[in-house]
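Order of writing sets the labels: A, B, C and D. Residues in every chain begin at 1.
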C-alpha cells in the first residue's frame, strides 16, 4: 500500500562533504518496504525544485517509525535535502517501485557503486536472514567515497575497489578479482552508474548467472502515471518507476 | 449543502473536478491515494489506434514551476484498452473519458468508432493538440480547417459527448474553438501543453530526446486562464479548464473565468491526493461564500 | 582571456548581455547597483510618439515563477526622451537601444524618424508585440502582413540597425520572423510577454485593471527557448534571446539555442545586480569550457 | 545610495499572532535611512513568492548594523518572513523611495493605522530631535492590535482609538477629539489603510494644514524601473516606489 506521508527530520549522519544519511521520523505506521523500493521526496522550501525526487529507501525502523535515505548531493534538490533543520517537515510518497527478488540462491554477489549502494543494506539483511552467503563488492573513486562498509560487513563479506587504489583493489569493480578465477555465485544484484551495471550484467550474462539491476531514470510521478520514465527492454519500453526500478538484466537491451 | 454537480452538454458530473489525460494513468495508479468514486471524472491516458512505444529517453525535464514532457503517446492501442484496461476500470464510480489521438483523420475515425461501441462510455476527448508526436497531434489543433475536419469526422461516428481538446500554441484560440463548435463539438477542453524546449548548458544538447516537448504546470496557468476566458466568451458550448491547477483556489479561478469543469494535470505528480483536496477546497469556498450551486461560479468573473 | 564581443548585424557589443525594455528604466535607476559601462547594451523603456499615462492600477500580478504586467507603455513621449532623458544617459559607456511603439503605422514612422536623427543612437528596437495597449502593439506582431508593413515603413526611415521585437502569441513565430527579415529587419528579438490573466478568487474580479496582461519571468523560459531555436533555424539575421533569463546558465542556454545576444528582463526586479552576475558567469563558463570566443556558443546546441 | 545586501535574522519580537518585528543584522555599513524609506525584501525559501516584498524600515542601528521591520502577516510572503530561523540569510534592496519631509513646523500630528505605523518611530525621533511638538494618533481595531505605543511615547503624546472601544477612544481615528475643537497642528503625516488616509487628508485639507501620506501599492521592482506601481496625481500618474511612497495629499486626486 503506497502512501503520502509527512515526516519530520530526525537527524543527519554526514558521510563526507557530499554524502549524507537523512533520517526522518513519522507518526503513522510505516508500510512494509522491500529492498529496492524507493520514495518520492518533496524537497521543502525550494523555489527551484518543482518535482519530487526519487530516492531509494536505505532503511526503515517499523517500531520507531523512522525511515532513512542515503543521499549524494548532485544538484539543487539533493543539496537542499542535506540542509534541512531538525524537526522540519518532509513529505514523501512511498514505498514505490518493485524490488530485488530473493529466491533459492546459495551464494550471491552484490555490486554497488556511488549512491547505488542504498538498497543493499536492507537486501543484505534479508539475505542474511535467509542464510544466503553474500559478498558485497563496492566500487568508489577514492577511499573518501567508501561508506557503510561497517553495515555491509554485518551481512556478508565486503570487497572494495577504488579508482585511485587508495582502498581495496585499484581499478573499477569489474577489474576486481571476484570476477576472475572461479565465479561460483548464483545471483548478482547491482545498482550504481549505468556503465558499471552494464559491465557487471555482461559478465554475469557471460557466466550464465542471473543478474538484477536497479535503474536510475528521470521521474516525474514515480507511480506509473506519467510515462516519463522509460527504459527500453526486450518487450518494449517499460516504466522504470512502476515496472522497475529493478530489472532482470536479461530483459534489458544491454 | 453545496450542490457540486455540473452539466457538460447534457452529461452530469458529480463535481467539476476531473483529472487530465496523461497525468493520472488509467486511474488505477491512484487507488492507494484517491477514492476515485469521489472524482467528477477521469480523462485517461491518450489512446491511439495501434500500440505506440512513445519517444526515447529522456522524456522529461523540470522547469521553473513546471515541466516539459515528451512521452509521445506511449500506449498499447485502443483494442488493448477496450479488452484489458476498460473492464478493470469501468467499476470505478466515476465518469471515464477516453482521450483519443491519431496521425491522420482516418485513425481518429477508427478509434472513435471503437470508443462509440464501448458500453458505459458517455464521452470522449478528441486530442488535436499533442505536441509530442511527429505526425498529426498538434498539427490538427493549430489550423482551423484541419481542426474542423477532424472534429466533423469524429462527430459523424461518435454519438456521445464530444469534447475537443485545444492547443494553446495558436495566435487566436477562439477561432479554433468556434470552428470545432461549428463542426459539432459538445464541449472544448483547454489547454494542452505549450511547445517548449530545455537545453543542457553543460552537454550543450537538448535535454529531451525529441528536442522540444510540452510545458505544463503552474508556469502556464496565467496563459491558460486567459485562453479559457477568451473561449468562454466566444462559444456557447461548455469549457473545461486545464493548466497549472494546483489547489482549490486555482480551480475556482478557472471556473470564474468560464470553466464548467476543470482538469488537474501535473499537480497529480506533486501530490497524488491533490484532486480530493481540490474537491474539498471548492466545497469550503462555496460554504464561506454562500454559494449553493457550483454552477453559479462559472464565468462569474466581474469585468 | 575570453572574447565576449558579439556582432549584431554589424553593430558590435562588448558582450551579449543587455537589459530588456521596460525592465531597466532608462538605466539611470540602476546606477547604484550596476556599472552600466559593463553592459552589452540597454534597451530602454518603450517610447511612443506622444506622452502616455499608461493603464490604471493595478498593473501587476505575481504568478508562479513569473509576473503579469499591464503597464501600457507609460512614457513621456519621444520628444521628452530626446530632449531630456537621452542627454543624461548618452554618457553611459554602453549601447542605448530605444524601443519604439505605436498605435498606427504612421506613429511608428514618426518616432523612428526622430530616433534616426539622434546622434549616437545606432539601433532601435521596433516593438510590435506589446500586449498591454488597446490599439496597435501586439496586433502588429501577430499577423504577418502587418508585421511586414510596419517593418518596411520603419526600415524606410531608419538608417541604423533595425531590431524587430516579436510576439510569442502566435501559431508560427518563424513565419513572422521570416516576414520581417524580408521586410528589412537587421535582427529580431524575442520573446515579448505572453498574454495572460490573473483572477482574484475572493473578489471574483480580474487582478489587473486591463483584465489581461503580459506574462514574463522564468515561467516562460522553456517556450521562449523553443521559439529562439525555431527562429534561429529559420532566418539568417541575428536573434536576440529574451524570456526568463535569471542567471548565466539560462543565458548560455539561449545562446546555444541560437541567440547572438540576450536580454534580461524580470530578473532585474529580483536582483538589480543580476546583469553583472550574468556577464561574470558567462565568462566563467567560457573559461571552464575552453571557449575563447563567445560567438562559438551561438546556435551550438547539438541536435 | 541604494544597495543590495545580505543580512541575517537576529531575532523577532512578537507583538501578537499576526504582527511581529523582524530584526536583521549585517556586516556592511548601513546607508542613511530617512523616515518613510522602505526596503524590498527577498523572502527566502518560498516557492510561491517570486517577487520581493516592500516593507517600510521601522528602525536601523548604524552602530550595531541592524535594521528592523514591523510586519503584519497578511499573505504568503509576510507569513514566511515571520517564520525564519535565527541566522537565516535575508537579502534586501534598500533604502528605497522618498521620505516624509520635516520642515519648520511647530506642532505636528501623526496619524497611523495598521502596519502604517512603521515609519513613525524614526519620524518621531527626528521630530523630537528638532524639538517639534508631536502627537501620535494611532487607530486599531481592538486593544490587541495596538503596538509600539511605548516607543511613540518617547517622542510625543500618544492618542488612541479602537473600533471596539477596548482602548482609547471608541471609533475611527477621524472620530478622535483631536479633530474637533481647536486644530492647531501645522502639519499632518499619515500612513495606513487608504480610506483612513483619505479621511485624514480631507480633514487636514479642510483645515488648510499641509498633509503627507505614505501610499501602499503593488510593486515589482521598488526602484522606479518597471512602472508597475502607480498612483494618479494632479500631474498625472506617478510611481509610488520612486516618486513616493510619500505624497503631499494636495497633489493627489483624493
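To be clear about the criterion, contacts are C-beta pairs under 8 Å (C-beta built on N, C-alpha and C of every residue); 3 or more make two chains touch, one makes a residue touch a chain.
What you are looking at is a predicted structure, and each value in this text was computed from that prediction instead of being measured.
Engineer: Among all the other chains, which ones are in touch with both chain B and chain C?
Structural biologist: A chain counts here if it touches both chain B and chain C, and no chain qualifies.
Engineer: Taking contact as defined at the start, I'd like the list of chains shared as neighbours by chain A and chain B.
Structural biologist: Touching chain A as well as chain B, we find no chain at all.
Engineer: Using the average of all C-alpha atoms in each chain as its centre, how far is it in Å between chain C and chain D?
Structural biologist: Chain C and chain D have C-alpha centres separated by 36 Å.
Engineer: Please compute the C-alpha centroid of chain A, do the same for chain D, then give the distance between them in whole Å.
Structural biologist: The computed centroid separation for chain A versus chain D comes out at 55 Å.
Engineer: Please report how many Å separate the Cα centroid of chain A from that of chain C, as a whole number.
Structural biologist: 47
Engineer: By residue number and range, which residues of chain B touch two or more other chains?
Structural biologist: Residues 61, 63-66, 217 of chain B each touch two or more of the other chains.
Engineer: Which residues belonging to chain A are in contact with no fewer than two other chains?
Structural biologist: 47, 50
Engineer: How are the chains arranged in terms of who touches whom: line, ring, star, complete or other?
Structural biologist: Drawn as a graph, the chains make one closed cycle, so a ring.
Engineer: What is the complete set of touching chain pairs?
Structural biologist: A-B, A-D, B-C, C-D
Engineer: Show me the residue ranges of chain A that touch chain B in the complex, using the header's touch definition.
Structural biologist: 1-4, 42, 48-52, 93, 217-232, 236-237, 242
Engineer: Which of the residues in chain C come into contact with chain D in the complex?
Structural biologist: It comes out as residues 22-25, 29-30, 32-33, 45, 53-54, 56-67, 69, 71, 74, 217, 266, 268-273.
Engineer: Show which residues of chain D lie in contact with chain A when the two form their complex.
Structural biologist: Chain D residues touching chain A: 45-47, 50, 85.
Engineer: Touching chain B in the complex: which residues of chain C?
Structural biologist: Residues of chain C touching chain B: 61, 63-66, 68, 142-143, 169-172, 194-199, 201, 204-206, 211-212, 215, 217-223, 225-226, 229, 244, 249, 252-253, 256-257, 285, 300-303.
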